[in-house]
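Mind having a look at this structure? Questions to follow.
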Amino acid sequence: MGTTGSADLIRAFNAVAASMEENRDHLCALDGVIGDADHGVAMELGFSAVRKALAELGDDASPTDVFNTAARAFLNAVGASSGPLYATAFMRAGAALKGKSGMDDTDAPEVIAAMAGGIAHRGKASPGDKTMLDAWTPAAEAATAAQGQAAAAVFAAAAKAAADGAETTKGMQAKMGRAARLGERAVGHVDPGAASAALVIAAFAGALA
Amino acid sequence: MGTTGSADLIRAFNAVAASMEENRDHLCALDGVIGDADHGVAMELGFSAVRKALAELGDDASPTDVFNTAARAFLNAVGASSGPLYATAFMRAGAALKGKSGMDDTDAPEVIAAMAGGIAHRGKASPGDKTMLDAWTPAAEAATAAQGQAAAAVFAAAAKAAADGAETTKGMQAKMGRAARLGERAVGHVDPGAASAALVIAAFAGALA
Amino acid sequence: MKTKKIINAGEDAVDEMLDGILLAHGDTLRASASSHRAIIARDGPRDGKVGLVIGGGSGHEPTFVGFVGKGLADAAAIGNVFASPPPDPALACAQEVSGGAGVLFMYGNYAGDVMNFDMAAEMAAMEDIEVRTVLTTDDIASAPPDAAETRRGVAGNFFIFKAAGAACDEMMSLDEVERVARHANARTYTMGVALSPCSLPQTRTPNFDIGPDEMEIGMGIHGEPGIARGPLMTADEITDDMMDRILSEMEASAGDRVAVLVNSLGSTPLMELYIMNRRVQARLADAGLTTHATWVGNYCTSLEMAGASVTVMRLDDELTRLIDRPCHCAMFRIV
Amino acid sequence: MKTKKIINAGEDAVDEMLDGILLAHGDTLRASASSHRAIIARDGPRDGKVGLVIGGGSGHEPTFVGFVGKGLADAAAIGNVFASPPPDPALACAQEVSGGAGVLFMYGNYAGDVMNFDMAAEMAAMEDIEVRTVLTTDDIASAPPDAAETRRGVAGNFFIFKAAGAACDEMMSLDEVERVARHANARTYTMGVALSPCSLPQTRTPNFDIGPDEMEIGMGIHGEPGIARGPLMTADEITDDMMDRILSEMEASAGDRVAVLVNSLGSTPLMELYIMNRRVQARLADAGLTTHATWVGNYCTSLEMAGASVTVMRLDDELTRLIDRPCHCAMFRIV
């Protein structure tokens, strides 16, 4: 059974930062259609702040330290909707790993579910509301179903489910966030937060592989 | 020997108004290059105010009344540079015809020279300064040279000279008006006030023919 | 091709703006020592006075930072462009302005702002600072009347914050200030129209597409889609459309007094705003209403977006007194 | 394709704007009975006070009409967009504000304005109103120092009018007011940069062409060509270029005090202006100068043109006192 140490988690966060940089304009364009065109900026800014904060962590940082540091850095750099949502997600992930020196493969589903739970708690959205939760909820389910596999495989399964979930948001009317006032007009467009969620999990999966 | 009555003069002013309407955007474009892009608006507005004011004149209006009415209407509608210049031109033309019931063919050169003189007096420009005077001064000279011909021919000769004069402004650096700060950069472009002057005189010539 | 802006690095725009603001208005404003995104009125805190904290994303200047000063807000928490501030600046604001009588958070009703300010309120509560929250929801284009509480807060902030700030300045209790703030919000109605987009400093890409002869009625101040898109109409037609909607919701009776704000979203010049105001006032007069006061200008902007909004606040004696009360802010003054 | 504007008929824009202004600010402004393009302060005339009449083309709002009010100008003569007013409104202003101590005409140095206001001054003289004229020439981009008297008047009007208006309000004699006005003008330096054009309401066509990544340094406030065109630079580079030129002309000594105006030409938002101000203040501090007061915003615009200007006025004790003196205008207040 494998264990993902703090250094690996930091590498994974760095991979997310690189992915957000790459996808910034795409995510802004998605947000431009049904929101305020800044989601890519928020995600890039947030994860580049995370990368910077993690680079300053000592070698003895625990996985909980890594996630808590990421939470604080993301929140303070971003604000917006994504800030509290991802900060809460990371704080819950950190709590799930409390006292551990690494994330065991068997911890991976719980970590993903904890993040999804944090987002649901903070944002009070329900599945089908056309938010990032429509990527995170199926991701958590897929991760749970992949229990027993290596962390990379768990994250890969979650990433696949998140991407499919993001795709389903096209058919939804938004109930939360800026797009909620659009009614019918939001239908046909992917929710930017769901799209970025799939990228975040995919970057984790890639880095852990 | 022919005489141009007040009604004919009013027709001539109306022809100018029509010409300015037609050339508004062209004159604005010329002004856009070396000035503030409004010369066509000013000329159209001015002569449409003239047309309106002249339409309200009684049948017994003298040529002097026509020119003075035009002066006041133009000035008050326009302001700008063109307003005082044309108002002074028309007031001088009115003065030149003082006490007369019509403009005799032999008066025509004096009327044109009076207008040119009014513009020179008000604007204090010299020939070569790249202003409307570079159309009006040669127009007055050509009109004087055409002394003895019918008014229409006098105006036609003046119009031709004004058009040639306007063309020469291309080679000039501006010394007066908004373009004066341009130095070299004004060279190569026709002065909008000179261009419109040629059109004004040509419309007069056409209406009197 | 990137849009043109007079900026340095896009990601530094907000902090450099705040530097410039503090350099220009250091006599009335300062940054909190604990968060440079918390801008505090030099006047205050006052013992026993409720502290008013406003805030939200940048890009709407003079909203929010320009409305910090004696008689209006005590502090503003400043986010990135079009993004709620995180909890820390809001918490710093609460700490700095608390005079022992509680703190009121007021901001536009956006999901992100609610989450961040709520987190800050929880953190303040742990420090024994009582925080209440009143969301502004004046944008009548953003939801039907039966869901009025879900509407966005837009330019009407100006009146709603002003009333609440004056109530604080009058030393009303937190209960009373909260009541005034809710009352002011309930009586404030805004309709906007957008003609052309703005762009974020970081992307310098237009934040929405719109045809060269189109306008969008009800567009949000971050470029969120509105309620109808159509060909550009005349000033009178646009204003009539806005006033029809405002008047039909406002349920005013002849003789009522109102305050009016005709606001530019950014690049729409005063000339156009005053042309609109001419029609606004005609419509109010037709409805038998009396205009107590009118403001015209850039009060709640969306960077360089073209467009305008009309806000009408239905006054009563209390609101009239509060709106008239002097205030002294960096970018707004009543004497 | 026509540019987008919230207007009715283009040729009605100025008069409809004035209607809207009077409806919004009827407590401080009125139109003259003899010319609806002559906007008069309700406060006044005052016996023995010099009357200050300002004016020029429309499209620069809040310049000129917004600076009419107690302590600043007594009246403004309003022209068509970017066109001097004819003599009649200027004459009406002179008649309305004359308090027996003479009238000062102040306006930007443009051929058209000079001709029209001079005609009005002659007409006023025939009615035994003594009129003096001081032209503003603060645009240092518009001519070299050895031809400073031929320069255009631009955003620096704000300081120059303010000083003269305060001098009138202090009941200085016409000689003294004229001296102050010339002195204020001589100490005021403006540099501007334009990024994108505006368009007249009547033509709705951009008034100049500029590349999508270009800017023009020194462009006039009517879109008159400037001194250099080049690729868009950063805010700091642009500001440095402006400040280099201003500081090299200003001949200030370390310890001198200045007043600063960072002005939007129309659509450039406050965020960009404050980013510029950050650099302006750094440059002033580097030069050992002290900023006495700073104004940032839309003070002298060119409709919706994008761009900005920086004005620095080198103060002495008298100018400091005059700039600080309270004034109460429709669109500008000092308390």
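For reference, chains read A, B, C and D in written order, and residue numbers begin at 1 within each chain.
Convention: a residue touches a chain if its C-beta (ideal position, glycine included) is under 8 Å from a C-beta of that chain, and two chains touch if they have at least 3 such contacts.
Nothing here was measured: the structure is a model prediction, and the numbers come from that model.
Q: Which chains sit in contact with both members of the pair chain B and chain D?
A: Chains in contact with chain B as well as chain D: not a single one.
Q: Figure out the least number of contact steps between chain A and chain B, where 1 means they touch directly.
A: The least step count works out to 3.
Q: Mind checking the centre-to-centre distance between chain A and chain D? Centres are C-alpha means, answer in whole Å.
A: 53
Q: Return the distance between the CA-based centres of chain A and chain C, expressed in whole Å.
A: 32
Q: Per the centroid of Cα atoms for each chain, what is the distance between chain C and chain D, given in Å?
A: Roughly 29 Å separates the two chain centres.
Q: Note the residues in chain A that touch 2 or more other chains, in rising order.
A: none
Q: Multi-chain contacts in chain C: which residues touch at least two other chains?
A: Within chain C, the residues that touch at least two other chains are 81.
Q: With chains as vertices and touches as edges, which is it: line, ring, star, complete or other?
A: Topology of the interface graph: linear, an open chain of contacts.
Q: Using the touch rule from the top of the page, what pairs of chains touch, sorted by label?
A: The list of touching pairs comes to A-C, B-D, C-D.
Q: Which chain D residues qualify as touching chain C in the complex?
A: 1-2, 4-8, 13-14, 16-21, 23-25, 58-59, 61-62, 66, 81, 193, 195-196, 201, 212-213, 215, 232, 234-236, 238, 260, 262, 266-278, 281, 291, 294-298, 301, 303-304, 306, 308, 328, 331, 333, 335
Q: With touch defined as at the start, can you tell me which chain A residues reach chain C in the complex?
A: For chain A paired with chain C, touching residues are 24-25, 28-29, 32, 34-38, 40-42, 45, 75-85, 122-123, 176-182, 185.
Q: Along chain C, where are the residues that touch chain A in the complex?
A: Residue positions touching the partner: 11, 57, 79-88, 110-112, 115-116, 119, 142-143, 150, 152, 200, 202-203, 205, 207-208, 220, 222-225.
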